[in-house]
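One chain, chain A, appears in both complexes that follow, with chain B as partner in the first and chain C in the second.
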Partner chain A sequence: MHIPDGYLGPITCGVAYAAMVPAWIIASRRVKKTLAARQVPLLAIGAAFSFVIMMFNVPIPGGTTGHAVGAVLVAILLGPWAACIAVSVALVIQALLFGDGGITALGANCFNMAFVLPVTGYFVYRLISGNSPVKSFRRVVAAGIAGYAGLVIASVCAGLEFGIQPLLHHTASGQALYCPYGIKVAVVSMVGGHLLFGFVELAVTSLVVKFLQVQDPTLLGHNREAAS
Partner chain B sequence: MSGKTSGGFLERTIQGAVSLLQETVSVENVAARNGFLQHRDPRFKCLSAAALLIAVLMSRNLAELSVLYAAVLCMALLSAIGLFFFLKRTLLFVPVFSLFIVVPAIFSGVTPGEPLASFKVLLWNLTITRQGVDSAIVFFMRVLDSVSFAVLLVLTTRQHVLLKTLRVFRVPQLFVMTMGMTYRYIFLFLDIIQKMLIAIKSRVGFVASTRDGRKIVTANMAGLWLRSYRLHSQVYDAMVARGFSGEAFVLDEFHARVPDVVILLAALMALIGTLWLNLFFR
Partner chain C sequence: MKTTTKLWIGLGVLAILTPIGLYLPKKFKAGSAWGEWGAEEMHGLVGYVPHGLRKLGSLWNAPFRDYSFKGWENLGLGHLSLAYVVSAVLGIALCVGLALLLGRLLSKKESRR
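So, the complex of A and B:
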């Protein structure tokens, strides 16, 4: 899902940055409106949480491990717009301070992982959980499905971004200049991988929500206004 | 504990946290060295890096990308960064991973064109094409150049200075302030994770079933959130006690010198040259 520099051409990079600017502006306004000044450190906590959540190795069948992205989890905990800022900040830190991930592809990475993933995931979570009580099992199921669905939808976006490169940028002799695979190959491989390993996201999102229902259910109910 | 065992996930997470901490310390050490780029004004350095990254993005042939790669290696050497250290830091992972990804593109099935070599593997006749090989080399070099320029910027600029530079470029205060705090929280969280997992390891040992392992990991994630959530109001109180009123102030001033302007002009010339070559002579 994390797109490095050099995979996407200038048009895609530019369009992705342009698409993220209004998303960041809306997110900043929503967050300023809904988060009290006292809660400003919460955004940083959310960003750091989404950064380190990727470092947890989660055991998967077959003896190997995978990791979750955690963007939908942050959206459930802080609201989708706060999650958009938090995950964007985590991605910028990863790219600028740790030298991982692309700088020219940062707009595309933020679009996929900080916008599409938490916003669609949160929508699915709200749709399934409805008005069920905070401690209900329905919310655990909703969180798991939301994490999985958000990840798969974001992988479709990433696949499309890869897949349009040979159409947008090639030489006169047909030589691809950036990602060389067409839409069919790129989307199938991206979505296939995430359909298969997306259950790590499903397990992590649902189990963390289940754990918080027991330990401190107020944490799952405080961001309702931020979400709407 | 029942089910199939999947040992090592605790160790891998602890190792990941330790590696990140070690890497950060080594990057800070390099950034503190007495090198050419370390002494440059970060505003000019960031603008130069951006211009060069765009030049890499716009390049369409191997010659241009090779010249840019030679330039990044020279700058690394001038900045007291060992060649082996720099190559290890830049070549491993992303470029090598990209090389594996691009291998199928050298065959006629993905990139049709002039055949270079044909051979049979089991039931398939495979043909390597010149266009496919050219495409793969340009793709690999572009990824390598991009990673190298980004890593060079990170290695020669201290993290807090880089964050301060973002504020100079009018990046909204909410983002810059959040980034600064996030950067500190990451290390706090890494410390908490390490301690939590070592505590678990010392109590349950090395082996857990996949299912139990997932429970342990997710309980730790939730525990991390609980602990940090309870911390945020204390952090805000501490910020207010130190005079925070909603605006973060930059204490250090940046001073531009002649070499800063020269390096920016050189980067802009490289960008203009690349645009000129690729837009008017393709």
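So, the complex of A and C:
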């Protein structure tokens, strides 16, 4: 889901950066209010976890690959806004050092994977887990479904961003200037793939939540007020 | 052992295991992810390279493009795996550094030791 440079035109890139600026400001403010100093190492672990889990490319039928992002897991531990910051950190390092995701597309990539993914995933997690006890199995299920849903919703956004390019930018003869595939193909391809990769995200998110329930449930419990 | 210590160890284990993310796509002959093709691949797909893609595609020359070292691209999977693990460790270190810095700047002051 790391959109490279040259696939999105200036309008989409600009709008995405413009959308991320307030998101980063809100995230900073929320994190300032809710993140305790003792949680700072967890923020760092979250950013590093997201970075490294994205290196595990999983092949799917059709000859393409994808990967989990880990954003919902960080959101469950530290709240969606802290996750926004942690995943943004990972995406910036990936783009600058490793050329994974473009510089012009960084705003869009952050919007999809560091904003839409953790925020919608966290919403689904809260919706399903309800008031169930921190150590309940329901929370493991909720975490898995939330990871899956977040990833798929983020892939819809990426598909739409790809897909509007031929409408926005083309030559007089009709050749695309950026991504050449229209909305239908782009969305079907992105979402189709992520309906499958989503199971990796589902497994990762639910397994780590299960591990933490056994290991240190306090990490899962103290985040209620950090949410809204 | 503290949970965070275990999580740090987990990160280290993941870094060592990252070559799985290289081997699996190779084994199943998977190509690039959708929408992450290079100019040549794009030409093969639609018969031309979109002008903007040609122009912007080489905008940024990342020092460790594709989690590898310059000149190592055509060496064997062993070399690529080594570069992949080194990239993972480097990336983890930088993410941790940047996140710690941001976290220290943002976190609640009263609970700081």
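One rule holds in what follows: the second predicted complex is superposed on the first by the 208 of 228 C-alpha atoms of A that agree within 3 Å, B and C clash if a C-alpha of one lies under 4 Å from a C-alpha of the other, contacts with A are read in each partner's own complex, and residues count from 1 in each chain.
Keep this in mind: contacts are C-beta pairs under 8 Å (C-beta built on N, C-alpha and C of every residue); 3 or more make two chains touch, one makes a residue touch a chain.
Only a predicted model underlies this, so the values are computations on that prediction, with no experimental measurement involved.
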Does chain B (first) or chain C (second) touch A:85, or do both, or does neither? both
Touching A:203 in the superposition: chain B (first), chain C (second), both, neither? first
Quick one: classify A:51 as touching chain B (first), chain C (second), both or neither. both
Touch test for A:174: chain B only (first), chain C only (second), both, or neither? first
Using the superposition on chain A described above, determine whether A:162 touches chain B (first), chain C (second), both, or neither. second
Go through the superposed model and pick first if A:43 touches only chain B, second if only chain C, both, or neither. both
Touch test for A:22: chain B only (first), chain C only (second), both, or neither? neither
Show me the chain A residues, by the header's touch rule, that chain B contacts in one structure and chain C contacts in the other. 4-7, 9, 28, 31-32, 37-45, 47-49, 51-53, 55-60, 63-65, 85-86, 89-90, 92-93, 95-99, 102-104, 171, 175-180, 212, 215-216, 219
Within the complex, chain A is touched by chain C residues 3-4, 6-8, 11, 14-15, 17-18, 20-22, 24-25, 27-36, 42, 46, 48, 50-57, 59-67, 84, 87-88, 90-92, 94-100, 102-104, 106-109, 111-113
Given the complex with chain A, which residues does chain B contribute to the contact? 4-6, 8-10, 12-13, 16-17, 20, 23-24, 27, 50, 53-54, 56-58, 60, 89, 94, 98, 102, 105, 110-113, 131-132, 134-136, 138-139, 142-147, 150-151, 153-155, 159, 162-163, 172, 174-175, 177-183, 185-186, 188-190, 193, 208, 210, 213-215, 217-226, 228-229, 231-233, 235-236, 239, 246, 282
Footprint of chain C on chain A - complex, ascending: 1-7, 9, 28, 31-53, 55-60, 63-67, 85-86, 89-90, 92-100, 102-104, 158, 162, 169, 171, 175-180, 186, 189-190, 193, 212, 215-216, 219
Across the complex, what residues on chain A touch chain B? 4-7, 9-10, 13, 24, 28, 31-32, 37-45, 47-49, 51-53, 55-65, 70, 73, 77, 85-86, 88-90, 92-93, 95-99, 102-104, 171, 173-181, 185, 203-204, 207-208, 211-212, 215-216, 219
